[in-house]
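Look for chain A in each of the two complexes below; its partner is chain B in the first and chain C in the second.
Presenting the complex of A and B:
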């Protein structure tokens, strides 16, 4: 059995969560019709809640990271004072006199991240990808069997990689053989952007479907269904929009 | 300064049509067939290839905004792991993922299903580990050093399962549920790449034993993940809501007690995609007509 979450709301509050969810959903989607005070209010509420939530969660995580638990500050491992002090130095951002102290933790974090990123990126995003491309199968058992054959995929990928790379080759003018290659490369790039656009559409539709399912399927103890409130929320949006327009 | 070109009709009509057409399959499911994509099948194959007792890390790196896509992905896979007798160490490298992961784990390992697993021996939820990439790398190097306690305040060495999970070398499979950074690319960079060859049970990829990673992501991120899938750095991918539905279907076929709930959502998505394709075609025809008629086009 999983232990209860610390600070978890009692299930009796699920009704209020559902009511709040319905109004927030309708108010935020009313932006698609026209920007109005309710859509702005919910947008600001979302940003504010997200900021507060992240701050509180970070604070709690930092304590459990550095203070509590085995071999931490609470057990006398004073090495943890160093990162805690470095973290607190971020607050000098708000001081004109001691602003320079804020730069120390920033520079340490930037240096650590740069070092980590360079190593990780070169190995995983660069060398491993080149190696995988070089090893694309063109000959051998089963490479040209079935449909589509693996060999055909390999040829398409090799052509795509070379021609797309030539598109970003700016030393010579894109004419002649280089011009043909860059044009083919552009088609490959356009296909990639099309795929990314398709993925974006799919993702946005999924989120919209998720919200609609919340409105249609959420219930509380079989007597309250979330969709009961949809017309009320819609009427409120219309009234507020009309009131906003009457103000000019 | 660019000016907005006048369109033949108000874009809000598109929203209304979209809303109505998506609502219909949600209220009256069409039960369209769900073919299983190779990427989803690979996630299934990589999971069933494990032995009971093997350790799987579930990393919940998403927020509430992508819950409709990520939640059914990780829930169905978590249930599958539970049924296969795999032991799970759950973490979150996103602050927002912390409480969401607790809810999902509580449901899958709660009283709703039979054979409740024991916390501490079969499942541990470490909770949110701050530091993004740094936290991820530290967790890979030494799980105890990444965080002092689990999500509920218990010291990690006091949990029996965590005695066996001292670094990522003790992990058999990494399941990454993500909608951004840190996500699958950071796991590849800071955990898989850094620890290659440390466990000879990991599959051989280009002569190196690599930690197998399965990922579930929002559909918008999947095109960026494809090179890693082709290169063998990712073993399988669940692609957005469609991938979630496919995996749910695979699980439901073998374990009927796990509900298959994504059918209406996938029907709605198919309808929405057909509608978007129609709008793209109509838009292009309108553009071609206006161009042939001598009108200005941009």
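Presenting the complex of A and C:
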């Protein structure tokens, strides 16, 4: 018999969520000042929740495959007991005597993944990239119009791809024509890393702005505003950090 | 136990599984029963992988329990991790037991903890990098060589082009950032992607042929 579900959660939980959000945010940012017991506590809480969250993600995916999917275990297809039993062999990881049994499910996963990787990489990361490079427009109507013209972009990309690839070519020493090519390739790679850096900074800054907006805008029934708690959380951080330092 | 059972059979399983996947992709037409049978193999892997995740959780718990037992460094905080794991796991399993869909995510309380507790910490911890990346940039972006200069100039132009203030200073910055992203960045990325593909394929072949055996764990 299925026990009753919790159903709709009480709205008061939103107040708790706001309070927790403020304290967690300030405690984690206190790490920028110095590592302290509060930042450590929130980090450990995060690790615990993240582990279960990741497991839940995989558990749900596995259940949908083996148990609840079409023509699976729940519909009487008992062959799906085999992968479940095989998966339990992973627990021999903790046994010294029967550790070798752990290798059986691992070898299945490693083999299937390696096979999929070979096919997937050849198709999407190798052939598709070469195809996209070959298809770059060099001639045709409108290719050399406007600024920068698409044809010029194509030439820059072709030079960039070939020279950057030669940078990873270690069969011969990078001297002479190959040396010039690898040097140009290095500039293209640096431009790529610069772009990646800019993108990363913007992504992290948007997360930071999101946290500031959370602190400023979150409210509960128009009488509680999250930012009321910011100074309280900051004072708690200072007191705990001083207490921690006094302990040595 | 003989070496055959301990090492050679797992190596043979790896080779056969990988070989089946490659053959199925390139030699079996989609929609045929043989090709569909290989789809069951990938579904089997999905089931197997979840227990690997459970092993990770057990290893995490074991590490923290041993830390508490030995009164190791920061052992008090290990209790927080263990309590968090146990409570969140109970919430998830209660959701599985009570919900018609039988999934952890289907549980309202599990989703609530994710949205209102986990996400707060996740976003804050990852936004910390915004501060550390600034100090890293100071070290990396000094004009010591032409390569470092390219990194500095492209990184700065990307920031100016992507941030709203860049467009306010000069309306050309967003267009330059867009061009940098779609032309030089795409060229470098494409070369890196091709390099990754070659490396991954060679690693996968080494694994199938039994040259690479690290995944089998230590010799016992």
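Criterion: the second predicted complex is superposed on the first by the 223 of 248 C-alpha atoms of A that agree within 3 Å, B and C clash if a C-alpha of one lies under 4 Å from a C-alpha of the other, contacts with A are read in each partner's own complex, and residues count from 1 in each chain.
Convention: a contact is a pair of C-beta atoms (placed from the backbone, for glycine too) under 8 Å apart; a residue touches a chain by one contact, two chains touch by 3 or more.
Small disclaimer: the values here were computed from a predicted structure and weren't measured.
Engineer: Just to be sure I read the superposition right, which of the two partners does A:179 touch: chain B = first, chain C = second, or both, or neither?
Structural biologist: After superposition on chain A, A:179 lies in contact with neither partner.
Engineer: Quick check on the superposed pair: does A:231 touch chain B, chain C, both, or neither? Answer first, second, both or neither.
Structural biologist: Neither partner.
Engineer: On the A-aligned overlay, A:70 touches which partner chain: chain B = first, chain C = second, or both, or neither?
Structural biologist: Touch status of A:70: first partner only.
Engineer: Look at A:192 in the shared chain and tell me whether it touches chain B only, chain C only, both, or neither; answer first, second, both or neither.
Structural biologist: After superposition on chain A, A:192 lies in contact with both partners, chain B and chain C.
Engineer: Considering only the touch criterion stated at the top, classify A:142 as touching first (chain B), second (chain C), both, or neither.
Structural biologist: It touches nothing on chain B or chain C.
Engineer: After lining up the shared chain so the two structures overlap, which partner does A:11 touch, if you call chain B first and chain C second: first, second, both or neither?
Structural biologist: After superposition on chain A, A:11 lies in contact with neither partner.
Engineer: Give one of first, second, both or neither to describe whether A:205 is in contact with chain B, with chain C, with both, or with none.
Structural biologist: Touch status of A:205: both partners.
Engineer: Please work out whether A:125 is in contact with chain B alone, chain C alone, both, or neither, and reply first, second, both or neither.
Structural biologist: Both chain B and chain C are touched by A:125.
Engineer: Of chain B and chain C, which one touches more of chain A's residues?
Structural biologist: C
Engineer: Quick one: classify A:47 as touching chain B (first), chain C (second), both or neither.
Structural biologist: second
Engineer: Overlap the chain B and chain C contact sets on chain A and report the shared residues.
Structural biologist: In chain A, positions 2-3, 5-6, 32, 50, 53-54, 57-58, 61-62, 64-69, 112-113, 116-117, 121, 125, 129, 132, 157, 192, 195-196, 199-202, 204-205, 207-208, 210-211 sit in both the chain B and chain C interfaces.
Engineer: Would you tell me which residues of chain A are touching chain B in their complex?
Structural biologist: These residues of chain A touch chain B: 1-3, 5-6, 32-33, 50, 53-54, 57-58, 61-62, 64-72, 112-113, 116-117, 120-121, 123-125, 128-129, 131-132, 135, 157, 192, 195-196, 199-213, 216.
Engineer: Going by the contact rule set out above, which residues of chain B touch chain A in the complex?
Structural biologist: Within the complex, chain B contacts chain A at residues 12, 15, 18-19, 22-23, 26-27, 65-69, 95-96, 98-99, 102-103, 105-106, 109-111, 116, 118-119, 123, 125, 127-130, 133-134, 137, 144, 147-149, 151-153, 155-157, 185-186, 188-190, 192-194, 206, 218-224, 227, 230-233, 240-242, 264-265, 268-269, 272-273, 276.
Engineer: Flag every residue of chain A that touches chain C in the complex, lowest number first.
Structural biologist: Residues 2-9, 13-14, 16-17, 20-21, 24-25, 28-29, 31-32, 40-69, 80, 82-84, 86-88, 90-91, 93-94, 96, 99-100, 102-119, 121-122, 125-126, 129-130, 132-133, 148, 153, 156-161, 164-165, 167-168, 185-202, 204-205, 207-208, 210-211, 214 of chain A touch chain C in their complex.
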